[in-house]
């Protein structure tokens, strides 16, 4: 047992480092005087100063967060419900068809989805805006949520829900008190996933974004022609540090 | 059969199939209000399946369940006035012992200040007060089972369904729990339907017993009836150890009846109220405790068969012998464990004696 | 004592189950119908249209787009992409499983934190992350300099602008998409089954292969889908880390849509890709079901 | 221009007002193409609000507009895209009266082939495609595209990741027009590119400034601006447009037909074309301004940097990229094959 | 204590803490090779914890485990020559019954063609041949337990660890399984360590029994020793029903000993080999089956106490009375269920008689 856990821990931590390697680099370069982060040209706060003044970046960041949060909440709700529905459907043909269909958005090229949504919104005369972006993101996040939540649902012992009903719980109560707490890790994971995908999506966003709804990725990609400014490094650094702060905070809260 | 009037639970020829297997086969039972009713049967008999249909987790393929006289067809579990103690406990892994027990009351919107004392009482009853804040994973098997018991009983439902409620408990605790259950039943007048495969438990606790096998109900009756006058060989064998003889039953001129056994060369005196044509075959079942062993044939008994002691089993309060009447016939004999009667040693020769009036004679 | 309300109790448990199920599914189903399937139909129609001289869509019904795809060139691209995607998926699985299992074994309180920790890097921008990797991998980059510091190599090795770099980029980019589903599946596996296996002489590897793997199957399948598909469609990673010296389906489709401005062909390509994937998955689940069927017996 | 309007209090494009709200102008452009200070100035002058949205490539811009996306007023397609958008009827004729600054266009930018007499578009920034190289690493200053085939620089060369530009360079070096639609010619060009591929470190349209600055490549096909940026980091970097000639490009300001406040749009274009304004932009982005006066206003090093302001004697050798219509398929197939040949 | 030589399993003062609770407290046992050794104890006594340490799932906080004389410290479960039958079965949910049973052999790289017949044999033994292709979820509780049993026994390990192996089985099946286990033990000479709380099972099957409580081992000995001469009141009470009297033990001139009880007014004749100073207090424990009830005082017994029948419990093979000696003293009496002795009815007055030599007298 022991040696096993040690091995797991070390690989686990190593993998985590791997994930953070580029982030460290990027944070370092957010302090690099050189605009073309080719090599180290000395320390500077310039990029943070620029960032502080750059209203358009602020707007883009705000848009990204709004889109990510709302679409994640929507997708998680829809996905969770649908997953539980599917579990309840006795193993019928309908279930298999649905399972396949609801996963389809996962398996088509993003750009096709982008084009499809663009054409759709235009044809039905929905003016492109932040709303259309949210609609789109929710659409491709629902299956993501479902895939993860259902992996979790399979493991749930049906007897527990039975016991809850038997003790007089309404379906809703049984969900709130029993199913939900046991599903929470899965839902949390799914939510994180959706949030992450949404935060970083470029293609679908571009095709569904309307006037005044530029998100961070759109902003960054469009810098390609004139050179991506190290402001983005600075911004990324700030995002990372902030999130870390939140983690630390929740840790502290758990301690108590 | 009892009239629906005083029946608390009634099942009308329930049928349940699991794929190919016919788990429950036309089961019709009627449990009286306030009765302690046991379903006794071998593993795989369909006991759990019946309970699950009573609780409403499985819909019968045929038949119907009546509780308090009303059909339960389509009534979801949370609307049935019954509580089930699961054979697999089904404790909520993320809730503490106390929270598990309180669950039912909370679901029924009982005010907090009422819940607390009732939970305390329930935990006292199952002697788990000290472990109220443990998670199920931190409990021993028996402790888990007791939590499951408390979680159901605290709700004081009209009917409590128990699936092997005491299987993980030791003799003593088991007896204490039995007493608790009986008290609750008498005080609160709850109806208990208890699935068990523990004959002694069923016999001592139950007002009535239904013996099941292969999905069918074989016999329903008071403990005495079941044990003394089993309706079928299976019941006879299942309810307790039995020694058997088969043969043709005939009556002689003197009005006394005989069994010409296939196993023994001397005829056996029997006594039954039933008329035997004289050509029918019968199965005689003798209980180990009804047999007496003596060094010499004892005239007080009509039947005296020589036998040799083969094995002596020490069982604490009593001692069991396996005696060999002949190559084909090995019998169990049970005697109280008392210093006075020195137990015969293996190999010893002795006589197995019993009265004609003893034993049950069934048509074979 | 539980109160009866027959009124609220529907006629038959089974059918209530069904009804509940449908009422749970329908919102999502509806959403996807409107914002996915209908749009998809439009593109499907497009895939039979033709490219206008200036890149518009000319509404015709022709299969030329699909026929064009028969060109061996596309075959090679598909093949190569599938190769890459498969390798990347395998890589993610190899790296992801231990991590997921480690997290799943942590005390419940800490698991959430770890999940977030894994996700945080991906809340930065994809492009700058990739640039960071380019910095690490380039000739005078972090990797080479450290390796040289350690004296493992004398002359810098070319990592950037190779298939290796692309693979690394893909694995890095989609690792969390593997870890999450895996964690979710592993987290609830009953410890005692693992104990039992160990007790029955199973080595740690055997436990992994015979117990963990099958029990984590749903998670693994989910993870592989979540990684494999986007890998197929990836186009920025190959361009930046691979030096755009080669093409994957992702590049091709993006190229058709945004450079050649041939939406009909792009759509046709996308649909073929989609069909391939759907077919593969259907096949997989079919065999899966059969196996289980055999397992259960009659 | 004197205007009494003060800037609207709720600033920043966070909350999007309905398109058509007279007070807002939606500018769809390359990121950073217009500095915040400049916008602020325009807003101060007109009291209008300018909401900036960005795109990444001409094709994306087109993709969105031609499929009917509305709400934008002004945008900046490149030359060849202007002609396409014109043909697709996406553009609104310009009202010259509202754009007095148009008078100060550089002569060679007047009456361009894709839009003679500027009915729809006004050149804004322009430049060339050539070779950026590191004079420290290359002894004799190259003057021909041929240097990109020079084995001595194997693995130290980067090409644009843009099929038209890459083929353009080869076609020029072969003495053809870069807009050739002759399959045979294109096939031949492909052959040369295949031969070159083993020398090419990477095909990239955005990172070659870094590559040059860090010395990872010593030869890079590219636009002048990024090369000029690289010079700041590594003074030994030079820029040349080979003698066979290269691309000249211009990003042009246009008003979209779907625009809901065209008047303001025209005003905005005029404002951007103002000498001082475009000079500032030119200075910042290191692209040449289309405005005669502006050239005089930018700082000397920028003005005299051939990467930013092409010497006028170069003009005859430059060629405008044009949409090749259906022939794009030929280029595409060739390009794909080039990418798929392992080297 | 046995020398390590012929000891198959030996534990040296094992200690295991679960957080605050001391689950196992300095347990030293030594199980002989080929022995059927039972650990008997109430729920929560620490039985499972001990087994888990033997199997290697939990590392002792103190002490060590020796198997076949080798220290098991740091030896992982899969390298220990033991197999555990889990109290919670722990069947592999994704494998069929047959696959579950075959698992151990496959892990040991036994060739396919050998595995098949052994699996068949094992399934026959537990009577589950018909359900070989079921998944555990499709089995009844008892069926699951039998799968767990087969899965362990098929490996013929040096030591089989059983945690409540038969708790979910009915009387009959249980007895058959008991026989199977005994046979295997004798034929193959396996060593069994069996955790149970079923006294009768322990008494009938075991060569030796260890009684645990609160993590401690209270007594180790042959079934007879444990039952007849319990070392402590707890053991005495736990191993079977007991009637108790406390008081001062004194000897009179005639060399016969008396117990002046706190409960009864008349002194009780007792007989012990132990020397009593005459001032010490003693606890007399009488087994229900050692008591005789008679309508009139029976001179054959030294002690005759009048009592009134309070409750008659029907238990099939025997009948139990609760008799009231006085307000504070209620005793259990057990008699075989035979027609001859008509059971006294509640309320009847009778005499409880026993010999001085009966019962156990412990210092209190």
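Per-chain residue numbering starts at 1, and chain names A, B, C, D and E are given in the order in which the chains are listed.
Following the convention adopted for this analysis, a residue touches a chain if its C-beta (ideal position, glycine included) is under 8 Å from a C-beta of that chain, and two chains touch if they have at least 3 such contacts.
Keep in mind it's a predicted model, so treat the numbers as computed, not measured.
Asks: Could you run down the chains that neighbour chain A and chain E together?
Replies: Intersection of chain A and chain E contact lists gives B, C.
Asks: What's the overlap between the neighbours of chain A and those of chain D?
Replies: The shared contacts of chain A and chain D, listed by label, come to C.
Asks: What shortest step count links chain B and chain D in the network of chain contacts?
Replies: 2
Asks: When the C-alpha atoms of chain A and chain B are each averaged to a single point, how far apart are the two points in Å?
Replies: Centres of chain A and chain B (C-alpha means) sit 58 Å apart.
Asks: On a C-alpha centroid basis, what's the spacing between chain B and chain E, in Å?
Replies: 21
Asks: Could you state the distance in Å from the CA-based centre of chain D to that of chain E?
Replies: 91
Asks: Measuring from the mean C-alpha position of chain A to the mean C-alpha position of chain C, what distance in angstrom results?
Replies: Chain centroid spacing, chain A to chain C, equals 14 Å.
Asks: Mind pulling the chain B residues that touch 2 or more other chains?
Replies: 56, 76, 78, 88, 108, 155
Asks: Can you list every residue of chain A that touches 2 or more other chains, as numbers and ranges?
Replies: Expected reply: 37, 39, 115, 119, 168, 171, 182, 221, 224, 228.
Asks: Two or more other chains in contact with one residue: find those residues in chain C.
Replies: 2, 14, 131, 140, 257-258, 298
Asks: Which positions of chain C touch chain A when the two form their complex?
Replies: Going by the criterion above, the answer is residues 2, 14, 17-18, 20-25, 27-29, 31-32, 35-40, 42-43, 46, 95-96, 98-99, 101-103, 105, 108-109, 111-113, 115-129, 131-133, 135-136, 140, 142, 172, 175-177, 180-181, 183-185, 187-189, 204, 218-219, 221-222, 225-226, 229-230, 232-233, 249-250, 253-254, 257-258, 263, 266-267, 270, 273-274, 277-278, 281-282, 285.
Asks: Could you list, by residue number, the parts of chain E that touch chain C in their complex?
Replies: It comes out as residues 55-57, 76-78, 82-84, 86, 88, 90-96, 99, 103-104, 107-108, 132-135, 138, 151-152, 155.
Asks: Inside the complex, what are the residues of chain A that reach chain C?
Replies: Contacts found on chain A: 4-5, 7-9, 11-12, 15-16, 18-23, 25-26, 29, 37, 39, 77-79, 81-82, 84-86, 88-90, 96, 98, 100-113, 115-117, 119-120, 123, 135-136, 138-140, 142-144, 146-152, 154-156, 168, 171, 182, 185-186, 188-190, 192-193, 195-196, 199-200, 202, 216-217, 220-221, 224, 228, 232-233, 235-236, 239-240, 243-244, 246-247, 250-251, 254.
Asks: Help me check something: in the complex, which residues belonging to chain C touch chain E?
Replies: Touch residues, chain C against chain E: 190, 192-193, 195-203, 206, 210-211, 214-215, 295-298.
Asks: Mind listing the chain A positions that touch chain D in their complex?
Replies: Touch list, chain A to chain D: 34-39, 41, 53-56, 58-59, 62-63, 115, 118-119, 122, 127-130, 206-207, 209-214, 218-219, 221-229.
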